[in-house]
Amino acid sequence: MQVKLVYFAWVRERVGRPDETAEVPAEVATVAELVRWLKSRGEEYAYAFENEGVVRAAIDHVHVQPDAALAGAREIAFFPPMTGG
Amino acid sequence: MQVKLVYFAWVRERVGRPDETAEVPAEVATVAELVRWLKSRGEEYAYAFENEGVVRAAIDHVHVQPDAALAGAREIAFFPPMTGG
Amino acid sequence: MSLTIHVQRESFDIADEIAALTAGRSDIGAVVTFTGLCRDEAGRLAALELEHYAGMAEAELRRVAEEARQRWSLQGLTIIHRFGMVAPGETIVLVATASVHRGAAFAAAEFLMDYLKTRAPFWKREHLADGRTGDWVEAAAHDDVAAARWRTI
Amino acid sequence: MSLTIHVQRESFDIADEIAALTAGRSDIGAVVTFTGLCRDEAGRLAALELEHYAGMAEAELRRVAEEARQRWSLQGLTIIHRFGMVAPGETIVLVATASVHRGAAFAAAEFLMDYLKTRAPFWKREHLADGRTGDWVEAAAHDDVAAARWRTI
């Protein structure tokens, strides 16, 4: 599955890029599995996701939990807890 | 005791004047006793205070309860429940 | 803390009041304003007339403000209450609070409105769209309930 | 109900937004505004930089607004959130609510701020007075607590 990944704030800084297009293997089915797969790809991802419970995710502009399915996703975002307002 | 009485809203309309100076007998010691004394003075007062529990009072610009003492009061106000804001 | 209390016939400018509350300061994180407006009650009203007890109105607003200042950490507080004739859509009252964090600003503004409604000596009378002078507005029991909830805090 | 949501770099004028919220209406009794401002943290900060997720920010504010609209009877609702560099004393966020009565306007404004703080995709970074770029601001646990209290209502 080809999907666009976008990163924000210190997750973006740690990964080293604001976005990328990834070819995700078919067996990677959930957000949590995607995080594990990314962490296996390089140190920058291992660093960005070192505390898995901290980084939040959204699929196609909607907040999701780690067990959310990736099926049909066009854009998956990873970011720290929000600090707007 | 000579005291200035002031009235507001429908209490003022029922009494028929915005204010007056009254010579209150010495035995009239509290707000509740002042109300009873006023009601004995004429129909307009009886009408204004027909539901004694409704009319509120203030002594020298401070809200008071019916049992408040009149001693030392310069200005006593009577008015309906407030509807500002 | 800056404290501004006005009882006035004239209208007021909310932006000016917020600007005055925050002017020259960079330690304020939150400003909450409440503006009360005259409604026409589905076309029934031409205006509301506000009678007030001059002298006590200012004193009572000052007491209510003082109580808010003691309960919450505020950097500024503004209360403006109009009297006289107010047309539908016009402002009647403004409460503005400034604080470091939003919780205090929200709570203090709500407290001020709840207290002011039941304690500030103002009385509204309706003026009807057909030209007649209407009745005095009756105090709402829910306003007493709203004010009472602060007593247990 | 009028609904205005803006995610923008530019500053905004609170009076203009209140005027837009109430323009041409005479059935609104209460307007509550919350303005969040950049603090300098006792001189430590030169600015806050706000990063945001364009597209999702607007969508999330719209979802939060929709939830407020379903919970309370509102006549109007405005949310403006800035991004980019914001200097101390400048505004970051505006929430404004209009309703017949003050209770709904206050509750909806507080709800919007609580939810927006924990759900809207914005991230603040400090820029220090000495010219260095500081850290990303950490999310406050009390913001999660504030947001959670609405879930049981």
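The chains carry the letters A, B, C and D, assigned in the order they are written, with residues numbered from 1 in each.
Assume contacts are C-beta pairs under 8 Å (C-beta built on N, C-alpha and C of every residue); 3 or more make two chains touch, one makes a residue touch a chain.
As the structure is a prediction and not an experimental result, all values here were calculated from the model.
Chemist: Chains in contact with chain A and with chain C: which ones?
Modeler: D
Chemist: Let me spell it out: compute each chain's centre from its C-alpha atoms, then which one is farthest from chain C's centre?
Modeler: Measuring from the centre of chain C, the most distant chain centre belongs to A.
Chemist: Mind checking the centre-to-centre distance between chain C and chain D? Centres are C-alpha means, answer in whole Å.
Modeler: Chain centres of chain C and chain D, defined by C-alpha means, are spaced 23 Å apart.
Chemist: Which whole number of Å gives the spacing of the CA centres of chain A and chain B?
Modeler: Using C-alpha averages as centres, the distance is 72 Å.
Chemist: At what distance in angstrom does the C-alpha mean of chain C lie from that of chain B?
Modeler: 26
Chemist: Starting from the mean Cα coordinates of chain B and chain D, work out the distance between those two points in Å.
Modeler: Each chain's C-alpha centroid was found; their separation is 48 Å.
Chemist: Return the residues of chain A touching two or more other chains; collapse runs of consecutive numbers into ranges.
Modeler: none
Chemist: Quick check on chain D: which residues sit in contact with 2+ other chains?
Modeler: Residues 36, 113.
Chemist: Judged by the touch rule stated earlier, which pairs of chains are there in contact?
Modeler: A-D, B-C, C-D
Chemist: Note which residues of chain C are touching chain B in the complex, please.
Modeler: 36, 50-53, 55-56, 59-60, 81, 92-93, 113, 116-125, 136-140, 143
Chemist: Hey, which residues of chain B end up touching chain C in the complex?
Modeler: Those residues of chain B that touch chain C are 6, 8-10, 58, 61-63, 77, 79-85.
Chemist: Please give the residue numbers of chain C that touch chain D in the complex, ascending.
Modeler: 13-15, 18, 22, 25-40, 42, 88-89, 100, 102-103, 105-106, 109-110, 113, 146
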